[in-house]
Amino acid sequence: MKSRPLTRDTKTLQRRLVQRPHEAGTRQRMYDIIFEAETPEGRAFDIGLLVAIVTSIVFVSLETLPDYQVTRVVDGQTIHDLPLWLVVGEWLLTILFTLEYIARLLCVRHPLKYATSFWGIVDLLSVLPGYAALLTGDSARSFVILRSVRLLRVFRVLKLWRMMSQADELADAIWNSRDKIIVFLSVVLVAVTISGTLMYHIESVMFGSLPDSDFTSIPQAMYWAIVTMTTVGYGDVVPHTTIGKIISAALILLGYSLIIVPTGFVSAELSKGNSEPMEFHPCPRCEAARHRSDAEYCYRCGSDLDRPA
Amino acid sequence: MKSRPLTRDTKTLQRRLVQRPHEAGTRQRMYDIIFEAETPEGRAFDIGLLVAIVTSIVFVSLETLPDYQVTRVVDGQTIHDLPLWLVVGEWLLTILFTLEYIARLLCVRHPLKYATSFWGIVDLLSVLPGYAALLTGDSARSFVILRSVRLLRVFRVLKLWRMMSQADELADAIWNSRDKIIVFLSVVLVAVTISGTLMYHIESVMFGSLPDSDFTSIPQAMYWAIVTMTTVGYGDVVPHTTIGKIISAALILLGYSLIIVPTGFVSAELSKGNSEPMEFHPCPRCEAARHRSDAEYCYRCGSDLDRPA
Amino acid sequence: MKSRPLTRDTKTLQRRLVQRPHEAGTRQRMYDIIFEAETPEGRAFDIGLLVAIVTSIVFVSLETLPDYQVTRVVDGQTIHDLPLWLVVGEWLLTILFTLEYIARLLCVRHPLKYATSFWGIVDLLSVLPGYAALLTGDSARSFVILRSVRLLRVFRVLKLWRMMSQADELADAIWNSRDKIIVFLSVVLVAVTISGTLMYHIESVMFGSLPDSDFTSIPQAMYWAIVTMTTVGYGDVVPHTTIGKIISAALILLGYSLIIVPTGFVSAELSKGNSEPMEFHPCPRCEAARHRSDAEYCYRCGSDLDRPA
Amino acid sequence: MKSRPLTRDTKTLQRRLVQRPHEAGTRQRMYDIIFEAETPEGRAFDIGLLVAIVTSIVFVSLETLPDYQVTRVVDGQTIHDLPLWLVVGEWLLTILFTLEYIARLLCVRHPLKYATSFWGIVDLLSVLPGYAALLTGDSARSFVILRSVRLLRVFRVLKLWRMMSQADELADAIWNSRDKIIVFLSVVLVAVTISGTLMYHIESVMFGSLPDSDFTSIPQAMYWAIVTMTTVGYGDVVPHTTIGKIISAALILLGYSLIIVPTGFVSAELSKGNSEPMEFHPCPRCEAARHRSDAEYCYRCGSDLDRPA
């Protein structure tokens, strides 16, 4: 059994030991505001940053909406422009995130260590595409490609994790169920493969004369099987033959039975946390059993559990 | 940790102290019938009111059905009229709700306090639109707009809550899981954002030549991601490229794993009562908490839990 | 709190006391075979009956499939006939069920009491339509109407319940959660009403110029809300406006949170049954606590729990 | 109550006793590598085999994708050929699996016993179709039929089960809930039958004038009922009449309530391990069962549990 990775609290502590400036002063205060969330200022900084990130995501999303694009005709060519406030907003946010990145570099003890850490790279990648768009001249053609790179800014949203205090319990429950989840995923994939190929044959090969079969290939049939077993059921791929529908109904019931299992596993795992693990080891003096697993003294008579009577 | 808001019972008690008339008589009896549900008359009033509210909702719903509209041609214009029994029924209900509102105002000690309370405003807003329709002359044109205002009557249905006795237990379970639910919702929103932008790029930008892509913008792609991850799966937005389908299938499985987690949390919260009851009462000497509920000695230091340090 | 209705076992016992013939003989043996399932013959009879019922349902289903209908042209009119084996099979099953009904009437002590009981009426109604089809001449026109009556035979399938031995535990879990389920259903219906009327206004009234809105009326919008909140998601009614999609996504997440709650309730109720209720009452001699709630002697020292030390 | 089938570990042990060669040497070593997974070599063999199986499935799937088919025109006929690397890859894998099958036959003590066992047959069937394609000349016409047989190779994927160590716990939970699952499936099937025939009559018979009804037959309506109750909701069959939609909504809510039950059962079964472990060992005197696992005296009659009566 592999050991659980470090919890977030331990990681924050570790980083503080390595990166927090020793001498009290502006840099140390900046570090406390930017990297920690224990002071009111630090908390305010984190929330402000979160608002900026969400705003930036909303801006990028709005850019793709046809309603917010201004159509211009230049030299017979149709150019889709963005309204000024979106362009300005974009630039303000890019500058803000650049300043934040520089501030982070300035206040840590080892800037290179931060720059090469996971979050350092994420912070850099969410700033760069904005400048790349400027350097390449921002022509209509290159714009589409650059926009896709710029969207990496989305990763910044992962910083959300930094402010959560309940995430570890969730992570623990999932981590403890990992073996069961792997078995479950394997069973799902096997069921998807078998039912996908089966339906492909029934719908496309055996009744090959059917011109409008949705099961055009085995990968398509597997896509159908996943969409069906998870009860998503888009309806873009559906069986058209009677036998296909019968088998499909049977597979749905089977798949449904299969997919409810992990819910039970995670539920059971989470319920476990509620009941403190109790162990039998009876008290050597009063023989009371079922103490806490980390108990050193009997809950009933107070005698040392490890000392023989 | 914030304290749980007042339960409904406490609120009812509080209101009774402030609003119930002191002197026994008609007003006090009216108060007991209208605001309380402990006497048979009070209960009958509440149930009768509930029936009236549901009837009113059914009426407003029927009005929108084409089957119940009488088409008339006046001066070459087509006018959609409602059958008489619907119009009369509407008016009877509006008068009934007006009388109820006045009765509420009359029997409380502080009418203004009631009128400005949440339920006072809801009660008023569910009556006003009916009269507004009369004053504006009820022409065919303004009718559509007024009908939408009149639908606020729907909020009256919230009074349903007033007669439930099991709602608090449900509210407690949800309230106790609130931190986990917030974390979960954040994770869902991040996953929706990332998978939405990813699918937008795969379906619309990378394979931009595809003319019938359903992923026309990032908000549309996020809508798809929510519809997919919650296993609703309308099928109005579906991936058309092979790589889009593969990523979509992966996202479905990921999303499915994500979405089963809160079920487990609420289950675990509700099961909590079943398992070994642990109590907080900290040890007076070593301050270790969470002992067995029948513990007399601290499990860690062995000192008597009832003797002050 | 209302008392739980009689369990199936108690009902069987009650019926045996009233209906089972006193004198040993053919009638008593018939009763044991037809109404009871404790002898091998009785069990065989029940299983045989079940097979006949399922066969009858399969026959009625096949009749509606176009593949099994023989098209004939008589006097210029197209008549859809059924193949001979289906007609003969239908008649054999009808005769079989008639004989079974007569046998039931013959072997009970009070035939009228049986004939007017719930199952007596169901047994009769599943036989009558077959004869009604014969008496009316079975013309092509009346056939369609009679077939719909004949389908009442489907109720016979409810006899399935008679052979289950695990159904009571399931019924208990649901019965114990009934208050919570009622609250939950009310909340769902209120949410459906509010979100349905809201979406009707957004999609059809506010953006009324949109010609292809799927939200043609409030009942239609409520149908959409139920289909969406239960994550069925047919896709026949979907929002088309951007604001409609945003509100729809919010409602899906809300609805999803709402709908996972009853799962937790039933889970918790079922888990309760597993852990044998343990009670504290400590042993007067050895002070061991947490005995079975029906314990009379201490599990550790064997002394009487009710006798003071 | 039927006894649980042998667990995988017991089966492996049993097979080892019967099939593992007695004398140490090449055959014994081969057996340990091929059939066991306890040595590093055995584990490596199993993982290598797994990779080969997955590769083979990916190859068969790619063959059905139009993108990977080379179109040739010979004598005016269009022939869809596969690219060379796919054909060669197919052949290499077929030869590999043949060698593996021969190796399995060689290293067991009773080859015939292995060849007629379940896995022996699966191993053979996953190799044969590849050769069958060669013998019949592999013409374009027969190719489609043979390919469908060749897909039986998919069953080899079931070998996945051989390497899982958590599967037994899952299997136990499902096995223990089997009675409840059977009752549940019966209830689902009855509900499907009743709601299917009901909707068929409402949508097709009562409103028979409706030309575009999706409920063309009772089996079709049952398919709809299963797709709806499991919340898959393809949307290829939907109600079109108002009364059909109302009944449909009611059935969805009923079906939803029904389908959450088994989730609860499996959850409860999995949680069982958490609660106070109860053991069967009946009292030698009064035969009361289910004592605390640490009980020494009967809770009912107080006699010593370890002393024979």
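Think of it as A, B, C and D in the order they're written, each chain with its own count starting at 1.
By our rule, a contact is a pair of C-beta atoms (placed from the backbone, for glycine too) under 8 Å apart; a residue touches a chain by one contact, two chains touch by 3 or more.
Computed from a prediction, not measured in an experiment: that's the story for all the values here.
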Discussion item. Over half shared numbers or under half: where do the identical copies chain B and chain C land at their interface, same or different?
Written reply: different
Fill in: Matching chain pair for A-B (criterion: over half of the contact pairs shared, by residue number), options B-D, A-C or A-D
A-D
Discussion item. Looking only at C-beta pairs that count as contacts, which pair of chains has more of them, A-C or C-D?
Written reply: C-D
Worksheet item: Counting in whole Å, what is the centre-to-centre distance of chain A and chain D, each centre being its mean C-alpha position?
Response: 30
Worksheet, complete the sentence: The distance between the C-alpha centres of chain C and chain D, rounded to whole Å, is 28
Worksheet item: chain A to chain C: how many Å between their CA centres?
Response: 41
Worksheet item: chain D: which residues touch two or more other chains?
Response: 65, 219, 222, 231-235, 242, 263, 267, 271, 274-276, 294
Worksheet item: For the complex, which residues does chain A have touching chain D?
Response: 179-180, 182-184, 186, 190, 193-194, 197, 200-201, 205-206, 208, 216-219, 222, 228, 231-235, 238, 242, 245-246, 248-249, 252-253, 256-257, 260-261, 263-265, 267-268, 271-272, 275, 280, 282, 289-290
Practice prompt. Quick one: which bits of chain C touch chain A in the complex? Just the residue numbers, please.
Written response: 65, 67, 231-235, 242, 267, 271, 286-288, 290, 300
Worksheet, complete the sentence: Seen from chain D, its contact residues with chain A in the complex are 57, 60-66, 144-145, 147-148, 151, 154-155, 157-158, 160, 164-167, 169-170, 173-174, 181, 185, 188, 219-220, 222-223, 226-227, 230-236, 259, 262-263, 266-267, 269-271, 273-275, 293-294
